[in-house]
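Chains: A, B, C and D, in written order; residue numbering restarts at 1 for each.
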Amino acid sequence: MFMHMTFSVAIAGASGYAGGEMLRVLLAHPEARIGALTAHSNAGTPLGAHQPHLRSLAGRVLAATSTENLAGHDVVVLALPHGASGAIAAELAERGDDAIVVDLGADHRLVDPAAWEQFYGSEHAGTWPYGLPELLHPGESTATAQRAALAGTRRIAVPGCNVTAVTLGLQPGVAAGLIEPQDLVAVLANGYSGAGRSLKTHLLASEALGAVQPYAVGGTHRHIPEIAQNLRSAGAEAVSISFTPTLVPMARGILATSTARLVPGTDPATVREAWEQTYADEPFVHLLPEGQWPTTASTLGANTALVQVAVDEAAGRVVTVTAIDNLVKGTAGGALQSLNLALGLPETLGLPLDGVAP
Amino acid sequence: MFMHMTFSVAIAGASGYAGGEMLRVLLAHPEARIGALTAHSNAGTPLGAHQPHLRSLAGRVLAATSTENLAGHDVVVLALPHGASGAIAAELAERGDDAIVVDLGADHRLVDPAAWEQFYGSEHAGTWPYGLPELLHPGESTATAQRAALAGTRRIAVPGCNVTAVTLGLQPGVAAGLIEPQDLVAVLANGYSGAGRSLKTHLLASEALGAVQPYAVGGTHRHIPEIAQNLRSAGAEAVSISFTPTLVPMARGILATSTARLVPGTDPATVREAWEQTYADEPFVHLLPEGQWPTTASTLGANTALVQVAVDEAAGRVVTVTAIDNLVKGTAGGALQSLNLALGLPETLGLPLDGVAP
Amino acid sequence: MFMHMTFSVAIAGASGYAGGEMLRVLLAHPEARIGALTAHSNAGTPLGAHQPHLRSLAGRVLAATSTENLAGHDVVVLALPHGASGAIAAELAERGDDAIVVDLGADHRLVDPAAWEQFYGSEHAGTWPYGLPELLHPGESTATAQRAALAGTRRIAVPGCNVTAVTLGLQPGVAAGLIEPQDLVAVLANGYSGAGRSLKTHLLASEALGAVQPYAVGGTHRHIPEIAQNLRSAGAEAVSISFTPTLVPMARGILATSTARLVPGTDPATVREAWEQTYADEPFVHLLPEGQWPTTASTLGANTALVQVAVDEAAGRVVTVTAIDNLVKGTAGGALQSLNLALGLPETLGLPLDGVAP
Amino acid sequence: MFMHMTFSVAIAGASGYAGGEMLRVLLAHPEARIGALTAHSNAGTPLGAHQPHLRSLAGRVLAATSTENLAGHDVVVLALPHGASGAIAAELAERGDDAIVVDLGADHRLVDPAAWEQFYGSEHAGTWPYGLPELLHPGESTATAQRAALAGTRRIAVPGCNVTAVTLGLQPGVAAGLIEPQDLVAVLANGYSGAGRSLKTHLLASEALGAVQPYAVGGTHRHIPEIAQNLRSAGAEAVSISFTPTLVPMARGILATSTARLVPGTDPATVREAWEQTYADEPFVHLLPEGQWPTTASTLGANTALVQVAVDEAAGRVVTVTAIDNLVKGTAGGALQSLNLALGLPETLGLPLDGVAP
């Protein structure tokens, strides 16, 4: 039982994919009230022209993205290209606006300014509490410290979608000391919505249909330092990961196949136990029964991460597979879950657990 | 404001696509309590093995489909191959079970036994109140009589998914006398889930990907007499329709392109007005702004039908396009909408209006 | 047996989809020698960066599209946006270059300048011999006159891809006087490559996957006057057609479902005979055995059109379905077939008959 | 210049995907003449009912798969479930039939009977010359010994499609001693045709569309010992590989992402040189220009493997990506390439180098 605590939300970037998904999950939340919806080049046009699936608000006209329009809400969600959110948050604070600010972009995720500068090539905007409630802290086998860090926070840096998938897959083994974090390999199958609504040739349907396309191969992807940061949080001293995302012909979803060398002498039952212990009571992260492997379709539209783990004894490796919807658990749903904690609401309130399949 | 009226539901055929979707929409309904879930060959196995997206009930074990297991609920939903529901409904009644029975199959849709026998080749099981609240009755331009027919009913025959799409597209023009119902043409793009989870070669992914496949061409599809029945309800004296469904590479969705000869002398504004009048106050059927055409993706997971209409003056025809999610507005969502009416609940209660896109 | 007649070909627009496909079919032609490959903004870059599937010529550098670069070949193929080909053809002629010019664009297809101006809004560039060898002329039941028109021609206007599909489906019935050309309806499922490599939001993979999108609904599509022109060639006095294309999630292919009112009193056997007679000896247009319906996947990569026809007696309509690969029989393959005729080579030389499936 | 050497081919299993593709590549081969086409349950039906894309032979009736029907040809291709080919080859030999036998199945690939029994659970049928002309032998940096082994052979064991992709990606580094073969990781994106035309629920279009599904995770896939065998051929002493295939929504294609620990102190230029040296003169295996990554769409329908390699210095790993069409270079095209060698024909004769895209 909790008291009603209605909160108003403004969304900057409401005509993009992340902004649209944020709206979708908020529309299903019992306490959220949708406030200003802003856009850049689409300002002045109706939401229905860009998000025709959001029938509840089809007639709403988009305002310009400005602190003036965003001010005066309990919560502001920034669904903007990276580099834009730091300035807006600062301006809002300057105006005396005390909204909780949720950044769906990358600007405030990394703790280490040097890592930021190496991978993003710009000045670091600072670090905000990290919006992954399930993140393990040193010494933990179930996540409580990160939840504590999010309770009552006024700033949330929502994780990268690939990062969420890989972290959830590997952290139980890292925390339990069963896998070696210095020789990790992750290969991901990614839906196209992860690339946003940008007009690039390789994102055209004709290029995507019937095709698998790797990108950012060879250690250049910006999610690498963020994964390392998370696995260090879970107990790794040093992290080295080979990370390869690939675009596959689906609109949504991430399937992350992550492998790690097993610490010699570890038996498979111990491995399974570690994953079970970490996720037994998690509302949104589900270890599947042995032998059942996650598929992305099972998570579509849901704030759920499905995880499986197996030991390949011949290869001396643990293989773990995680499926999430990149726009829900990987972005907007994860954001709302953290926001619930920030607002003192039940963590699961209003969040979809069941996916839309087939 | 309405009083709480919790109702229990049993689902026969819970491991199939229609049964799974019925579960999904019921899980999001504030008054529904999930009772027995039954299956045929999958009895004894956990729901999670067949519907891995329904995390809320992953561990539930499927019971055998028998009246014994189905009895004792407020509502029984039959998601069974056609021909099976009449017997079960009769047996339930014989046992003195007074559940509301909702038939997702075809058995009780047609009023005319001869049409049934011609298209289905078996004995007619009888006619139940037809679960399309938006169906116009003679003389109506907005739907009230069908809602009255569903209020308090104990039996619901849920429409065919293609039928819903074509009926909603054409009925405003039929009712207003603006189009000729004796020379209709409808061509549909259909997602594969409409074919159910049956193991047939043409339903394999390898056959579907990169392909469009027509089926039941040339007047043989069983949805034809049902469309005719609906358009006669909307005011047509006689109906003749060329109806061609095609399978396209998507899991869900129907895009129905329906055309009709315009009654000579009708101007485009009158046409638009007719569609506007019929759907202006409908909660789930939305006429889009002029020039915006429905896409199936905008309805995924939602109980929404998107409609557009245009006059092609050179061709002397009206073209209307309807998009629905075949499993929601076309099946389980439409069923729940009608069930709300049967139970005296608000028609829209618990039903998703916003889709999942992209 | 024929003598060798090697010919050189230049392609303007070689980095686009139509230009790339022209290259692919020419590379498999025993007499073609690839000459200049030109592009607009991609000039100076290697072909392999834009057409990574054309391994034979991956290192070839694209030249600028200029008559200077295109001159001096036996054949010039123009794969350019509409409006561009008339000027280049004129310039080539002015230079005294006597190449055969093949226009993959729309500029020279229409005979009627008024129809051009109505649908394209610019001045008519003139009419070239129409590159559909299978087109029936008045009084014909098998196509010979169009082949005669193409034999030895120096100019070829390649048909629109949708036009080819609809024309091949309907013309036998028109020529035989079995269907009424004044109330035609065609609905098409189209792969995305038909839209070219242009950067538009609705062509993004995220918008396309899981979606069907209609476009140019209500009599506005530019292929309408071209279809009418063809059916008049086949014997219709006046043509009226409702034409609706829809984008479906595949890269290639067109499935055209075309229906026409049957002339009263016509029996189904007569209908089948008409189609059989027209296509019995066509090398690339195949009427399937009764009951087997074309799928787009069966034509991928091939210069083949698959056709089926059925009579829907209840609806009083003939339904005909045509499947083609829009880039082969619908564009580059059809162009090469006509070019063979222009060059005096066997019509089928070097053209793929078998598709790539599944 | 070579003399004509027409050869006749019979195909057992012509109604399946591998058999159909074998037919497609043979139909384009200048010296092949198609003989008997046999099937199991589809015997007696026309080829066109099962392979509607193979227009050249649509009317051909399938015979029963028997040595009687297969005997008397120059070449017999077996496209059968594993376990069936050994017996047929033996029976053919018993009859005194001296055809070259090409096995598209797994039966004769492995050298080690123990590995066969461990992964396939049946008795080993023996080992045939391995149909991967590009396979390196100990001490080689370019492949000549395997070609010598195939020249004039009467038996060919065609490699597994995944095996071809992973072997081609990794073997240059193994042969040059630049990577450690004892800690390999390969994750593959696979089109559905690799699973054949079998009726299984997870192969249905509804399950596949919008989904990525892993399978055979954790060291159980039967291609593992075959990869190890190949990399030992290329010079590895011992091989350990974590191998995870995933089904992605496309009909054809494999994208293999393979990583290996770099031998410490190796610089990136040395890595690139090794791959360049191995593939510089290969007709069908192409190392792409630096920075360009293979996509499956670029290989559709072609006998081409596209390869790229990069060094991830932070991770201490080499990442190599290989794209092939599983039915062409991965099956039928690779088979024909080896058959050309067996027959003394030019290795590339009749094989498609250019793919069908987009």
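The definition used in the following text is that a contact is a pair of C-beta atoms (placed from the backbone, for glycine too) under 8 Å apart; a residue touches a chain by one contact, two chains touch by 3 or more.
Predicted, not measured: the structure shown is a model, and the values here were computed from it.
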item: Path length in steps (a step moves to a chain that is touched) from subunit A to subunit C; value: 1
item: Equivalent interface positions on subunit A and subunit D, same or different at half; value: same
item: Rounded Å distance between subunit B and subunit D, as computed from the means of their C-alpha atoms; value: 46
item: Whole-Å gap between the CA centroids of subunit A and subunit D; value: 38
item: CA centroid of subunit A to CA centroid of subunit B, Å; value: 35
item: Residues of subunit A whose C-beta touches two or more other chains; value: 17, 192-193, 206-207, 209-210, 249-252, 294-295, 297, 300, 358
item: Touching residues on subunit A, where the partner in the complex is subunit B; value: 17, 20, 24, 27-28, 46, 48-49, 51-56, 58, 192-193, 209-210, 251-252, 286, 288-289, 292, 294-295, 297-302, 304, 306, 353-358
item: Residue ranges of subunit D in contact with subunit A within the complex; value: 183-185, 187, 189, 206-207, 209-215, 217-219, 224, 240-244, 246, 248-253, 255, 257, 259, 261, 293-297, 300, 308, 310-317, 319, 321, 323, 358
item: Interfacial residue positions of subunit D with respect to subunit B in the complex; value: 17, 191-193, 195, 197, 199-201, 203-210, 247, 249-251
